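Structures follow.
Common to both upcoming complexes is subunit A, partnered first by subunit B, then by subunit C.
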Partner chain A sequence: MSNPDTIDPKFKDEVMAELGGEHLLRCYSCGTCVSMCLVSRVSSEFNPRRTMRMVMLGMRDEVFRNPTIWMCSACDLCYPHCPQGIHISELMRAIKNIAVRDGYEAPGPVAVVNEEECSGCDVCEKACPYGALSLVTKVFDGQQRKVSQVNKNLCMTCGICAAACPLSAITVEEYSNEKVAAQIQADGWLTEPAQRLPGEPQLLVFNCSWNLRADVDRAALTRFPPNVRVIVLPCSGRVDPIFILLALKSGVDGVLVAGCQPGQCHYKQGTRIAQGRMRILQQILDQMGLDMSRVRFVQIGTEERGRFPALVMQMLADLKARMEPANITA
Partner chain B sequence: MVDAARHPNIELLTYTEVKRVEGFIGNFKVLVEEKPRYVLMDRCNGCGACAPVCPIEVPNEFEEGLAPRKAIYIPHSQAVPLRYVIDIDHCIKCYKCVDACGKLDAIDFSQQPKQRWLDVGSIIVATGFDSFDPSELTEYGYGRYDNVITTLELERINNSAGPTAGQIIRPSDKKFPKKVAFIQCVGSRDERFNLYCSGFCCMYTIKNAVQWKLTYPDADITIFYMDIRTPSKGYEEFYRWAREMGIRFIQGRPALITEDPHTGNLFIQAEDVGLGQLIELESELVVLSTAAVPRADTEQMSSILNISRSPGGFFMEYHPKLRPVDSPTDGVFLAGAAQGPKDIPASVAQGSGAAARAARILNAERWEIEPIVAHVWEDRCISAQGKKCGICATKCPYNAIVVEQGKAAEVMPAKCHGCGGCVAECPHNAITQMHFTDAQILAQLHALLAKEPEKKIIAFMCHWCSYGGADNAGTSHFEYPASSRGIRVMCSARQDQDFVYEAFRLGAGMVLVSGCHPQDCHYITGQRVAAERFERLAKRLAEMGISPQRFRVEWISAAEGAKYAQVIREMDEVLRSFDPQALKEENERVRPELERRLRRLTEIPDVAKALEQVYA
Partner chain C sequence: MAEKLRFAIYWAASCGGCDIAVLEIGHNILKLAEAAEILFWPAAMDFKYKDVEALPDKSLDVCLFNGSVRNSENEHVARLLRAKSKVMVAFGSCAYEGCIPGLANLTNRGDILTCVYQETPSTDNHAGAMPQTHWAVPEGDLELPEFYDAVKTLAQVVPVEYFVPGCPPVAAQVWNVLQAIIAGQLPPPGAVVGVGTRNLCDECERVREGTKVKRFVRPHEVIADPQRCFLEQGIICAGPVTRAGCGRPCIHANMPCRGCYGPPEGVSDQGAKLLSAVMAIIDPEADVEQLVQQIVDPAGTFYRFSLPDSLLQQAKWLEVGKR
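And then the complex of A and B:
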């Protein structure tokens, strides 16, 4: 309410007229949604309660100029807890829809399609939880070809499409294949014998960004022994099976992939997609004659305090118990 | 309670259930069932020799299950009357208590339930409330985490006569918790469970926090709240004192509690709304301020006593502002939290009010009632001719009509509240309502439609809601077209379908029937009777060939002046959109059918005469 000239008293009506915005005025700022929100946990500027308040007060420009309105991933952890039954993610979507009509754009970053590589196979469109990808016909060298296109306002950069693309034609800049590979290899973790503790197994952990709520568990990520390397990705759906195969090939003893519990996935269905992928991967490993238990996939509920570190230590102990020269290239 | 037990004019029936209630104000008959105690009231002296020898231990309900009790027990040490009772569901009949009782010989396993009828003049319902079961609210982990308890459990732990002798300990490790958090509005102000505010939880939480802080000044106490509600006398000052003594108040409703499995400590996730920041607070004990909810047997009681319930499920008062102690049934009064959550002073005030209002009836020789009661023309009632009917009795919300085959239906004036539902429902026009007779209402209708009927909207309104809504539209200066003409009856149930037929026969442009919203109906089920009727009527009118837009049903509360004005505006707009000539032709087309349906109308006593007067 800083400047009365910029107040739009009709703004709240506009949002309420939009599908999903109906129950806006029921909000009495109890903060339940914020206390459940994992985005708020990571970046404190994101505050759905405050956004709703600003809408109610008619702070149109402030709301639209605020980059955080694009951060809600519609995980719907808050909705079942709201005592007023407000579907907050739908409300945020209503705000975003109006913002788009007003000419605002999500600040990005977004997934990028390499159109030269893209074959138009449509796998990414089916994998994307947000319907952000669609096939369009474009002309290349005088030839019409279907390629995938990203809707900037819908993409949440979960990277599920990047892992799904059979041609690796989609990249999410911050979590590109090259950067993930570099993270795994940093400080010569795979190659330098100095990094390997004698008699201890090497464990590579891929964890999603959202399954740990407790401060202690988040802090634990950096406190594992050096033979454990944790790579944090936006979603377990970003884990490309290639990462795992390459790690095993390089001599890593085990790989643990941790995602959210189904129903709590930050990107709606990422954890289910990862579950399917990991199952297939394990079958392939089995056919290759490798021990399936060297790759594990777990789904952690956000309120399961202490489970993640315990799982890592458990897997480490299991790997140690079966310590024998790994026959990876067989 | 002790005073009540000793009073010569008070008979205390404990461990007794109300089974049936018949009769009316001043003349109720109540069937009660005394449950078997298996202990003789006149022999037991409450010495307590029996309980220690009893080998059975079950959770003690009064101690919130935190302590055991025996199968032979008293509910709590101040119980009145101080007589033991045997919990026969758990008793193994070892008869050790019989030996312990010895010469008193007060134990009698042969007791059976005893039923008897009581004659009473008035009834006060003070059945109290239940506490919300927070295990339904899974995010707080009650029942899963040992150290999440309810306020009532804390009350017992903190009580010098309680299971811990007043030592505050937490359930998981029996240690004293230095950090405690209270969470408000558990199960209330929450559309998943109860929308209402329980009202007194803020105060009792502050009381518990203050009590704790006074005993242990080092204690770290946090109260999570959405709004603190301390509106009564002296309450706000108490709240201020609590803040000043260092109790931490955080505005923000926690969404989740997680437990550290090693320490048993709890981590509360909440937004500190004042800071606009997410916080994670570690606490050794979490106390949930649970909502007050209607007692589990409220529905059963409401059907026995024939009193309705408010949307929250508590018993409904006759009028929320002007008659907050009376139930909708005359002679039945409400006291305490059975009517809605309230604290001790309010319960005492309402109890005193109920006692005074009940005593008025006991002392009166005659009792004046509203004159608008229903009356049966015995010669028209087909039940008197030996035929089976009784529709009026099934539609009466107050069970005020008795129908015996072979005799005319009989209205008990003392029970009749004058909604007029039976009058409109009687298929033989054999009932009338004093001051709202068919003759009177039809005369109004004829007068209103005497000129240019096709330009008029006839609005039938109920006295309590939609008429109030129309009144509200007027006093609030909500404009609506002048084409509407209102006819007021007591309840939408009185709005006879014949009135609607007659209005269309006379050529009315539009007809609106209106009443209360279902939950607000002044006459318990009157609105429902009307709603059913009008649903059928709308179909019938359409079949006859009357344009469906010309008949509208709306539920408008007394506060919805704007809605009333809006409805009339919309109807006026529709009316104007009709071609007047087509409207007249439509009326002519349906007139023979309407006349056929209304043929019996003039047989009703006085109707013909009343209509003659209109045209005179």
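And then the complex of A and C:
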């Protein structure tokens, strides 16, 4: 039970007065949003319905002190399903805005800019789906320079900026270039002949963290043969085309990149950005006289259970067919 | 007076712009002539290969080698000059990273020769004559250099101490490099010299406001706003992935950077990195497939100067080797 002394009966009015908070009272606690939300997978505490109820009950401190309020990525999977038409991500944002004004901060982690290396090109500001980046002028060694700055209350650690930054000056620590490279190379996957099954193709898979809803689908990721290596990144927008070229030039036969269906992307724009990058990369491979089918990009809808393992095995089979002597073209 | 530096300047597969870039140092050429004796410079003075062959090994202090390695003659002279020179400099984009001639690596020797000797509309070659490396005529044996399957950078053929980027290197940087050579103040071998720090954007004065791209356009399709960042106008600018140092002549002429100064420190593939940046700045309302269509000739756009020195090229050589 919450302490009645800390109850703020005006809290609901405050939220409703905030842009996006208008429809709070429409919620009748059906829980549809919770059943749609993918965040519950990483935090069972995250529960928009409960948060809305707590706001209505005036539990101001409890709401703000709960770290889960920062977790809504505004993917809007829940929005079309809410029978009351509440735009829940907007409502969560209204709550966060008040929290920020009260001095609360998102717990992080967030993207980090290396100001020494940043050139102020502003590519990252344009890339970020959340408006979390902007240029500020700072003085270094007596010289004014523009550098990118992260708003830690807006960053969702999708890593799109990290793939976009031309100088690798912005990093999401858990998915840094070095860590991704280490995952690809672990156990000598690229270099040790013992890791290569003779006559079998090697397939590198980058999957986003959100396109597989059910635990059983995600468990299937660990059951591929050893010539398939799956790297899970937050978002397909984190895949830097350089990762793919590094794999191809090291002898990997094919690379599969999988993201969410457009409109269902957990980070709003990531899957569209990945689509653009992969389509252009395929065209470049084709112009270069390389087989463009060695790089594939798929977008998986949240309802398409079980499609993923089949896609991987199909690509593996196609790569194997390419290796047959009859199919090797000069 | 100290002994004069012994210099060689050579052109392999290049347009000749890099030789002119040396002359562009203007009256400083007199200072160069004071400090250095030029023992070989086919573009400017009359020398023969046998003049170089007659020199003792390591008797040249510096060789500025421009042009990429397209054929066996280029390779032969590269090896010869390497043997005769204490310091070998890959001078200009062709020698450094392959440059425009390197775009020929999108295709191969066979297709290029067929196109040039048989298919171009102005070609009349009923006999189907193709270039041969050896041909006997009554007067004796004739020889032509062998045309290679791919264009290589200088460092892919011989060890190189320094790299000077640019298509061509701008005069101020050429003079900086020459002064460093004359003064004996070159950095440790392996360095890219005659450049600035970071990338072009770091120095660029154009306004950036975070505007996302609704439509990509080519430079000739619009008149660009001279104040605003090209990328924010949908014009692909290689500035973010290009080493600073040129002084931005293109940007000042209201043309986007094409990337001729090569990738900044730490960028392993200029083309892939530009692609990654450019496709990340797209507007949420725009149609992705349309944006993709709007980028005409992606390989030429993203790898205009760096193809032979790219990861993409290495992937191709691996695949060609397997066939």
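Just so we're on the same page, the second predicted complex is superposed on the first by the 322 of 330 C-alpha atoms of A that agree within 3 Å, B and C clash if a C-alpha of one lies under 4 Å from a C-alpha of the other, contacts with A are read in each partner's own complex, and residues count from 1 in each chain.
Here is the rule we go by: a contact is a pair of C-beta atoms (placed from the backbone, for glycine too) under 8 Å apart; a residue touches a chain by one contact, two chains touch by 3 or more.
Note that the coordinates shown come from a computational prediction; the quantities given were computed from them, not determined experimentally.
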| item | value |
| --- | --- |
| Partner with the higher number of touched subunit A residues, subunit C or subunit B | C |
| Touching partner for A:29 - first (subunit B), second (subunit C), both, neither | first |
| Which of subunit B and subunit C A:41 touches, first, second, both or neither | first |
| Which of subunit B and subunit C A:92 touches, first, second, both or neither | neither |
| Touching partner for A:256 - first (subunit B), second (subunit C), both, neither | neither |
| Subunit B versus subunit C as contact partner of A:213, first or second or both or neither | first |
| Partner chain(s) touched by A:303 [first = subunit B, second = subunit C, both, neither] | first |
| Partner chain(s) touched by A:78 [first = subunit B, second = subunit C, both, neither] | first |
| Set intersection of subunit A contacts, subunit C complex versus subunit B complex | none |
| Subunit A-touching residues of subunit B, taken from the complex the two chains share | 139, 185, 189-192, 226-227, 251-256, 258-262, 267, 269-273, 276-278, 280 |
| Footprint of subunit B on subunit A - complex, ascending | 28-37, 40-41, 44, 47, 49-50, 78, 81, 83-85, 213-215, 303-306 |
| Partner subunit C, residues of subunit A touching it in the complex | 117, 119-123, 125-127, 129, 134-135, 145-146, 160-161, 163-168, 237, 240-242, 244-246, 248-249, 251, 262, 268-269, 272-273, 275-277, 279-281, 283-285, 287-291, 328-330 |
| Complex interface listing, subunit C residues touching subunit A | 105-108, 198-199, 201-202, 208, 210-213, 229, 231-232, 239-241, 264, 266-269, 271-277, 279-282, 284, 288-289, 291-292, 295, 297-300, 302-303, 310-312, 314-316, 318-319, 322-323 |
